[in-house]
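Got some structures for you, see below.
Two complexes are shown next, each including chain A; its partner changes from chain B in the first to chain C in the second.
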Partner chain A sequence: MEQTVSMQNVSKHYDGFSLKDVSLTIPRGYITGLVGPNGSGKTTLIKLIMNLIHADSGAIRVFGKSYTGNEREIKANIGFVYDEPGFYQDETVKGMKDIVAPFYDTWDERQFEQYRERFQLPLRKKIKKLSKGMKMKFSLALALSHNADFIVMDEPTSGLDPIFRRELTELLSDIMQNENKTILFSTHITAELDRIADFITYINNGEIVFSREKDDIIESFALVKGPNAVLKKALKDKLAGFRQTEVGFEGVTDQMDEVEAQFGDQLVIEKPSMEDIMFYYSGRET
Partner chain B sequence: MKAGVTVNIILSNRSKEPIYVQIKEQIKQAVMNQTLKPGDSLPSIRKLAKDLQVSVITTKRAYEELEKEGFIESVVGKGSFVAGKTDEWVREQQLKQIDEKLEAAVSKGKVIGLSLAELREMLELIYGEEE
Partner chain C sequence: MAKLIRKDWHLLARPVTLYIFLMDCFLFELAFWEEAAYISIITLVFVIQFVMLIASYEEKYNSHKLVGSLPATRRQVVLAKYVDGLVFALIGYLLALALALPTSLIRTGDLLQVSNFDLIGTMGAALLMLGVFYPIFYKFNKWFPAFMAAVLLEMAFFRFIPEVWLGSGDGWVFAVCFLLYGVSYYISLEFYQKKDL
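And now, the complex of A and B:
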């Protein structure tokens, strides 16, 4: 598998937050979802990949190249979608597009026009008058209109209604019809990831908890529920995390087979969602 | 797909079976009941992932397993097709089903004391009616 991004032992320290010794790869031709609670380091990681901030140590390569000496070439091939685009607020949609387009040799006006229509972006409206969702759609249209091979999206679904979130996943699978494209997107709304993501990188407290194929993750965890009487040490030890109330408990285990063999007849065992896994994993005390 | 050939794949999130297994089994089922015939082309891995709104890895895995089990063949640059020898497999499966049904009929017959001759007579009668 060819890697669009590879990071080796990357660290970045801030006051009160550090990204610690991150090594990971983002394979070409697939969708990777970057998940984690707020403040876990998702945006820092994306900024490092975009070379918007610099690592204290470690190596980052994009399209097999380091940024030194290749920055222009690499960036021309990335479409970046982010939460709070630094748009000139008094500019119109058209005016802003006219500012951005010349930066790209591969700008495709027809493509932009198609997305503008699909997203129903009003050309003459000022940026500051756009809703949050509209700004995101505009950012998407700009990012997708210069034939970039790597689409990076920081929280693209925040501020979007459920209908457009569905449209977005459809749009992403359109892009993935071309096996040379790579998509990375961060989110804390995991429903989209449950559907179309190929790989999930889960980050918490500045550390990568896991970075694996989504199907593998879903298959190796189970959601278990049962009466409190069953929740003794032997079972607790097998749970990555759990939530207990007066009327029972629910938790996630990565030792499905053993739990099923020992306690199966007393528990309800279900396929977990990414959200279940994230929730119980982040609550884990180590 | 050839013109007019379509296969329905309906995924359930409630099912305990992983999504790739559901896809695999439903394609197998379509081969079995001959909705899909040898030589029919299947949607590409990426197209199927888009249609089902699942990950590319999921459909890829389903196709890889179908290929390993001999149900489909993939040709680089051309896509995936229902394998030729599935004919044999379909026949085998059908024979197996007939076998099971006959076995059930025989054991039921034995319970009420039917002889082989009597059973044969019934079979001939039914076979004749069908023709």
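And now, the complex of A and C:
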């Protein structure tokens, strides 16, 4: 499988937070969801991929190239959508587009117009007068109007209404009809990933917990529920995380066959959602 | 790089630039007409305000992230600012001249005489000022300390240097300033290339 991004043993240290020895690949032609709690390192990872921050150690390659000597070429082929994109707020939609568009040799004005009409973006309105959703749509229109092969989206749906979130996931599915496109989509709203992601990378506390195909993850994990009496060391060791209350416990395991064989008659075993997996993996056991 | 310069000029094309320009014209007519280095002072004020307007706008909206994500290298980003500086110095001088010539005609009945100091000295002083502004701006990402440092340098410059400056006349002083401007570029580049955006 061809890789759009590969990271090897990448570390980045800040006061109070570290991204630790991250190795990761983002396959070409798929949507990869980058998921994790707030402050887990999603934005740091995206900034490293965009070369906005420098790794303390490790290697990052995008389209098979390192940024050294290839920065312009790599970034010309990336469309970016950030939660806080740094637009000049006193500019109008047209003014901001006029600033960004000349940077891309492959800029497609007709395509931008199509997205602008689809998103109902008013050309003469100042960016600061746009709602958060409209700003995000504008950002998206810019990112999609220069035929980029790699779309990087950092929390594009945070603070947006469910209708637009659904609209966005449909739009991304449309984009993926072109098999050369790759999308990296960070979010902490796991329901969106259930709908559109092909691969999931789960990051927590600066470490990649897993990075696998979504269907593989859903199939290899199980949601386990049962009475507290069953929750002995032998079972605890097989749970990735659990939550205990007075009436019983609930957790997820990636050793489904063994748990079923040993404790199956005392437990309820169900298919988990991405949210279940993320919640229990985040270590919030009680 | 031309696209980055164009971006900066696009940012300047706002009503606030015109308001500041008109206010400068008015204030400096009142305050500095008697000064020997009248044209130089007005030029430097125009130049630092052009640069400050762009820098404050970029700081206010944290646009380093946007610029850093566009297809341009960090070297191009910094170089574009330094080319901007050269162009602003020239435009600032022409604007100052355009302001001073009719004023001198009205006040004295004669056209203002332009000396070597006015052109070469002013351009050199502008480059010195910007050569201080940019590294501080790139180091701290804040326009205000950069602005203050640049203005203080220029005040000290006009307090202590003009005698030598006026006496020197020709190109070597400008050449030294241009060289320092080049050194300043490498310092800014060093800061910006290491910076996390």
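The definition used in the following text is that the second predicted complex is superposed on the first by the 283 of 286 C-alpha atoms of A that agree within 3 Å, B and C clash if a C-alpha of one lies under 4 Å from a C-alpha of the other, contacts with A are read in each partner's own complex, and residues count from 1 in each chain.
The rule we apply is simple: contacts are C-beta pairs under 8 Å (C-beta built on N, C-alpha and C of every residue); 3 or more make two chains touch, one makes a residue touch a chain.
Every value quoted in this text rests on a predicted model; they were computed, and no experiment measured them.
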| item | value |
| --- | --- |
| Touched partner set for A:Arg195, first chain B, second chain C, both or neither | first |
| Partner chain in contact with A:Gly29 - chain B first, chain C second, else both or neither | first |
| Chain B versus chain C as contact partner of A:Ser173, first or second or both or neither | first |
| Touching partner for A:Ala76 - first (chain B), second (chain C), both, neither | second |
| First (chain B), second (chain C), both or neither touched by A:Phe87 | second |
| Partner chain(s) touched by A:Ile218 [first = chain B, second = chain C, both, neither] | first |
| First, second, both or neither for A:Lys271, with chain B first and chain C second | first |
| Partner chain in contact with A:Leu52 - chain B first, chain C second, else both or neither | second |
| Partner contacting more residues of chain A (chain B vs chain C) | C |
| Touching both chain C and chain B, counted on chain A across the two superposed complexes | none |
| Contact set on chain A toward chain B in their complex | 29-31, 169-170, 173-174, 176-177, 179, 195-199, 213-215, 218-219, 271 |
| Chain A residues touching chain C - in the complex, by the definition given at the top | 47, 50-54, 71-76, 78, 80, 82, 84-91, 95, 98-100, 102-104 |
| Touch list for chain C against partner chain A, complex | 3, 6-7, 10-11, 14, 57, 60-74, 76, 194, 196-197 |
| Footprint of chain A on chain B - complex, ascending | 13, 16, 18-20, 46-47, 49-50, 53-58, 61 |
